[in-house]
Every structure is written in C-alpha cells, then in structure tokens.
C-alpha cells in the first residue's frame, strides 16, 4: 500500500489530521504565491531571442502579478529541473526542439511524477510536442505534419468561455510561422480551445487541454525559434491564462493501494 | 446577421472599440462582485426546511466571501426569474420537484438564453434533473431510476483535481436519502467529478459538468426534501465550489451571422 | 414508473422474457435489414438538384448494399415523418434551410423521441444545423458565422480511425461552397472527426459525433443548395459511413422510473 | 519525413497507388478474417484456470464466428508477442498480474507501436491496469485502491447504446471478486461504458474506452485469478463485444513529417 501526497496538500494538512475534511477555509481568498518555471534548451538564434526563449516567455508573464517567474535551461545543474525546484513549482513551461534526446530519462520521470502525482501544471510549447515528457504524458507519438516557409497562421477560439481564452478576440494572426498540420497524433483533448488556419491550406488543433493524474497539461502550438512569436501580446496572454488554469488545485492526497477494511459489512 | 453580446462583456467593452483585444489588464485581480440566485419551488416540508430549500442552500454559501447571495421562489413575480435580475446574476441554483410543469416556457427560454449566450452558470440540484431548463440544455430526457426508502449514499470523488472537488475528502456519506440510479439519460458530461454508491445496490453519476454555449452547468445529485442534506458541510462545500467554477468567464461577445468580407483574398 | 422500450428491442425480445440476458446469439451475423430516410425541404434549385437534395443524397447511398433507401419531403403527409415510418427507420438524414420554421413542433417531438428513446440515428447536413430537431438535441443555439461567395473548402480528417472516416484520404476539397466559420455554438462533440479549412481564412468543426439518449447523431457541414456538393464521391462516402455508424445498437430497453425493491438489503 | 503505414492498409492499397482514395468498395461487405491473441502470464491457480486465463478467455470468444482465436503466454518465444504475430493480430487481449516487470521494454515498445501506428486493438483485463503497455498508453500511474475479501460486485451499464454493451442487461453481478475502487488514475475515458458497485462500499469505472493513435483500447475490470469470473457469460459477452469494437478500422496510412509543398499559394 502506498499513499501519494502532494507538496501543497502536505502543507495544507499541516495542522489537521490526515483524512480530515478541509471544509472550513474561506473560498474567496487568493491562493498562496504561485511559482512558474520557464524552461528552454538554449538553442534559439540570438538574433531573434537574445536571451533564449525561456526569458522571452518569462517576460510575457508580467501580468501574473504576485507570481514568481523563473527561467531554467538544459545546461543548468540537473538539466534545470532539480527535485527541490520541482517540488516548489506550480507550473512548468517547456520549449525544446533539437535537444529532446539530451534530456535524461530520470529527469523525465521526475517531471512526470510531479505532474501526475503532485498536480504541477505543464505547458508544452510548439516543438515541445515532441519532448519526452509530453509524449510520455500523452501515450501516443505526438507526431504531426510540418512545413517551414514562413506562412501566415490564424488562430480561432472555438471554446470562448474557457479560462485559457479569457480576454482574447475571436481570432488572431501570426504573420510568419512554421506550419504544423493535422493529423496531430494526440489523444482527443479534454478541451479543444484553439484551431489554427494556415495560409498553405492546413488546419491544426492548436490549443489542447488534458488532465493527467491530478496535473493539468496545456499544449499550445505557436512559436518557432526563427520568428518573434513569443513577443506577441495575444500569445503572451494565452500562456499567462494557461498558467492560471494549470496551477495545482486544492487537492487532498490521492490514496492508492490496499484498502484493508471495507466501509460496509461484507 | 446577428451579434449576441453578453452583459459582462458589454460592460467590459465600455471604454474600448468592439473587436479590440483586451490584453492589458492585470491577471491577478479579483473579478467584480459575483451574485448567486438560489431558486426553489417552496414545496419542501417545513419540518425539514422551515424557510424552504433556497434559504438552506443560500446559508451554506456563506464561505463565498464578497458574493451576493439571493433567494428566489416560484411564487415571486416573474416566477422569481425577472429579466433584470437574471442579467445581474452570475450563477443560478435550481431546485424543483413537484412544480416543474408550472414554470412557464417563456421563463425557461429566458434562463436558457442567459446561460447559453450570456454565460450565466446554472447548478441543478437533485430533482432539478427533471426541470424544464435542465432538460432543454441537455437535449435528452434526463430520466433515471429512483427509490425512496431512506438508504445510505456514499459519494466518491473520481476527478480529485477538479475545482468542484476542492477541499473534499476522497469520499463522504449521506446517511439517509432518496436513491437515484443509472441509467441516467444525459449526454456524457464534459467532466465527471462524483460517482455515488447506494446501499441498495445502485450507482449514479452524481456530479456532472457541462459547457453549453458560453455557460457552465453543474448537476449535483444530493438533496431530497425530506432529509436535511443541504445542511451537510460537504454538500455545502460542493455547491460553493460549483458557484466559483460556474461563474461567467471573461468572454468577449460571440459574433454569429454573416461575415461579409473574407479575411483572405478569394 | 415507466419503462421505455425501443422497437428493435421489443422485436428482439419477442421470444424471451423481459430482463433475460441476450447472450446466446452469434456475434458475427449481419443485422436485420436497415432503412434510411433522406429528408429535405424541396427548396433546392432545380438547376442543381432537379429531384431535390433528398434524391441526390439517396443516390449517393447506393454502396449501402442491402439497405432500403427512402426519400421524404416537407410536402409529404405528416411532413414526411409519419410515426409508423419513423418506427421503421434506422437512420434519418435531414437537410433543411429556409423552411425550418414550417416543421411542426409535434413532428420535432416525435423525431426527438425516436432518436433519444428508440435509438434511431440522425444525420444533420449543412444548414440542418439550424433545424429544430438538431437544436433540440444539442440544447444550444447551434449558431455560427457564414459567407456565401463560393470559396474553396478543404476538409481534414483529424480522427482517421473513426468509422465515419473509413476509406477517406487525409483531406479532400470542395471547389466552391458556402463558408461556415467558428465559433460554432454546439456542445463539445463526443468525437470530432473533420475540421474544415476555408479559402477566406476561416476554420470549422465539420464532422461532429454526439450520443443523445440511445441515439447517435452526426453533423456534417458540406452541402449547399447552389453547388453540386452531394454528387462528390468523398461527401457521399462520408454520409454512407455515417449511416452505418448511426444505425441503432443492439440495446435492451432502458428502464427508468421507480425501482421499488432494492437489490441489496437496506 | 516519414510515412507510417499500417499492415491492413498496405494490403488494402496493394492494387492502388498510395494516396488514391478508396471510395469504390461496397460498404456492406464483411472485413477480412480477424485474429485475436489472448495473452496471459501463466500464473493463475490451476484449480481455477487449469489452462491459464488466456485459454479461459479464448474459449469465451467462441461467438466470434469466423475469427481466429489464438493464445499466447510469457514463456513463449519473444514473450508471446513476436513481431510477425503482432503484425497479423487485430486485437490483443492482455492479462497480467505478478509478472508485469518481466515483460521486456522492447516488447512493450513493439506492442505500443502496433496499437498507435498500426491500429491493433488492445483489451486490458483486471490487473492488466498495471501492465507496462497499458500504463504507457495512458500516460498516468493507472493506480487504484483494492481489497481482496471475495465481496460481491454489480456492474452497471451507463452507456447502453455502446457497441461493447450490446446484448447486456442493465446490470449484472459477479458473486465474489477482488475489489478495485476509485480513485482510478486514468485519463478521462473517451467513453465510460460500465460503473461497478461493490458490497464493501466502493465504486469503480469498470469499462473504459480510449483511442490512442489509430488504435482502440478497452479496459475491463472484472477478473481475478482466484475466482472463475472469465467463465461468466456476461463477462465473455463483454470481451467478445470489445474485440469487435477494437478491431482496426479501414484507415489509410497516416502521413507525418515534412509537407514540403503547400496546398495553397503562399
């Protein structure tokens, strides 16, 4: 038998016996301070992203007032994802492209564990569809079709009341981008928020929400290292919205394993 | 051609031209003051619910600090759902049983319009599964099996990270209740949060989330007029959580109708 | 208490007592002969559809060998949907546009009842998104954006293993059509099979599956009365596939209402 | 760029050029002969399953007339899952318990590849929830709560029109079984067909459908090696239904990778 306990819950349970119902607190209060880690490989062209993509994305999260925004990269100790840091992270944003294979399997396991059992949110950006962690969470190849000729993309909101679409217009454009086209080999998302139109004639499910374990995952298509897409206000808004949506819920420890005594007479 | 515009959005758009992107505001701020209307028929036994079920449910919403909680009933003018009141309502909680047929069709249309096009949340409680408004939103019979012998119910959380399950233990019990059993004739919910076990041998999908238009709908099974179920802390917590979840999103006006000019050259 | 019983099941149950398990039959056998009714208003231009759209669609169903294909129209007795005919129908295909309002409410109720409680499949084509029956089954406005300049549409298969996509290429084109664009106000479909790209810059969820009651519903976007779209082989293939998918399951009578005796001691 | 091609499709495409639309064939015809492989570890008690669980399950599939039913076990060459066999398999049924860890990772990769890219169906039975292949496909822990005191289980059909519920009564019982209880850590299933009631007070999502890649996956809870559950007619019927549902669709090769030439002028 084993009881998995999330960090947040352990803290919350500090003053109460395990199993007690946490019904007393006020519902209107703000959650404790949130922490986002923005991770990228360090491979983006300096001409477009002088401080790499992690910094560009982090700068776009300024509207998350009161949140702590941190960057991390592949070259950092523990590949930027030390266990201690992870335990204190509410949302991890992941951009990778040419170095997916360099991320060590034990790092992937660690992140997976933190999402599924700890409730950390994960936001995979653009070529992050092929990262080890996203593929492990999806269980499919996450493969797709692509073309790199700098064509136009128009992103349509198909679920306008979803929190990740808050404050957006019905559609917005990315002037020049790499195309990703269907068939995108993912499980049907728990919510499909955005669909992209491409100048070259393709479509793509561009904003996809998933629940895995007690963690929330958002895949967001836009972003290519050769275009300044992460400086666009609409793209920044989506990522900020996604951070709020993906942050861990107030979720008691999930108890798995043997339940020796039946609740009813057998 | 027609453009449907929600109240909240119109207000929000007051100072900006239609179509402008609302990207500037801080994301950490609290929404404007929320308003919940708790509606019941006025038919519950006075011995159990001296001020009817609407008041009992309203009292349980005290943890929603800063929210305005209002009660309404069938005998009120406009059957408790005047257009003006509805336009100012974020979440409508609905409990009905013997008087479903007395609710006038134009009232049902009005509520439906406010949910689907205005984004008002709707929470249907217990026998509210057979209310005109819930059936209209679902498109099915919403029929089920039932038995009234006061048996025990145990409610299991199957999606612990859902906002509606916040603060709840893995399961909780209702000592005596009317049984509702499968097959429950609803569309597969967008999220299934609770499943009930009954002493008499039945199961039921007890907590079901739906998106319809830009409105959010939650069906919650517990509650029978002959038992003090709406005084239970866990039940109160679920309903309060559901109010927060179902409150309207920051959602720009949905534009339907003719789109005369193509966005691209044709 | 009431027990709803589908026609197919009653026939199947002929020789057995109600409640007996139907486990004995071979699984490899073909179902009994299927019957499809193709309904249209009778308003399509004779230059494009000389025998109206119902006949054009019916002709495209020739590959459904062994099926009975029937046409019906608004001017027929009982508006083409007599109770007796409906009881013998496995799949009803519905195309309407300017005459939605002329379909009488009791006819809509009758079709709804047959879908939800009897398991008849319903396929709504193109402007059938605004038919009374489709809107009643969806519970939303089913509104959308549209433009009629004869632009090109490209339909992408996003769920290639869905039975409705059988035999199709990854995408196919409609040279000239009326555009339908997002936001399409439907519940999130139980399966999203197709997404359309439009020359004018829009996208649309073009092939959507829904379960409602014990009936299956498919919405398929293509088709406008001023273009010969229902003569295209890919469009015909989709509709034929959808007939097979939507035909009633081997489904015992759903029992609703009071379940007097508990299955377990209480 | 890479094009993944399923065996079935390659065969089907034999006489046509890749990319041609397969619109010509009749829809009423039977698929080519299907092949099911039933795999188990070889660890069940001989007193209950003298020829192990694979044989018991295979015998229950007799109603699949015209199908080839084969058994396989861990001790077979290639752990019972040789590449050649897999390529000829339409549905793989998997029962494991104490030997999950012995299944080699490359075998798991092979089966995963065949499901996701080749469209083979996978049916995981009972303790197969913890098999490497099921966990890899789900992306979560697939953990749950359990108790082994031989209590009663009652399985309720919640989606009666699903093909996997064909021919079943509204509920059926398993007199003595091991209990599995929620929280079951799986992604929300694409269809939830069965929910279990347990004598000891628990519930469980017992019949869950998933699409992954172009493969279909069904998890079915019943079955414990110390009880003769796989001899029950209702259980056998479910597994046979699931084989029919999970068999590969008529699905053209999914093309991934670089799409050099845009379909529209850019």
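For reference, chains read A, B, C and D in written order, and residue numbers begin at 1 within each chain.
As a convention for this text, a contact is a pair of C-beta atoms (placed from the backbone, for glycine too) under 8 Å apart; a residue touches a chain by one contact, two chains touch by 3 or more.
Quick caveat: nothing in here was measured; it's all calculated off a predicted structure.
Shared contact partners of chain C and chain D, listed by label: A, B.
The most distant chain from chain C, with centres taken as the mean of CA atoms, is A.
Taking each chain's centre as the mean of its C-alpha atoms, chain B lies 37 Å from chain D.
In terms of their C-alpha centroids, the spacing between chain A and chain D amounts to 30 Å.
Multi-chain contact residues, meaning those touching two or more other chains, occur in chain D at positions 154, 159-160, 170, 181, 183, 188, 190-191, 199, 201-202, 211, 213, 254-255, 263-264.
Interface residues of chain B, counted against chain D in their complex, comprise 154, 156-160, 170, 181-184, 188, 191-192, 195-198, 201-203, 205.
Considering their complex, residues 4, 116-117, 136-141, 143-147, 149, 151-152, 179, 181, 183, 185, 187-188, 190, 199-202, 210-213, 254-260, 262-264, 266 of chain A touch chain D. Of all residues in chain B, those touching chain A in their complex are 19-23, 25-30, 63-67, 119, 154, 159-163, 165-172, 190-191, 199, 211, 213-216, 233-234, 236-237, 240-241, 244, 248-252, 254-255, 263-264.
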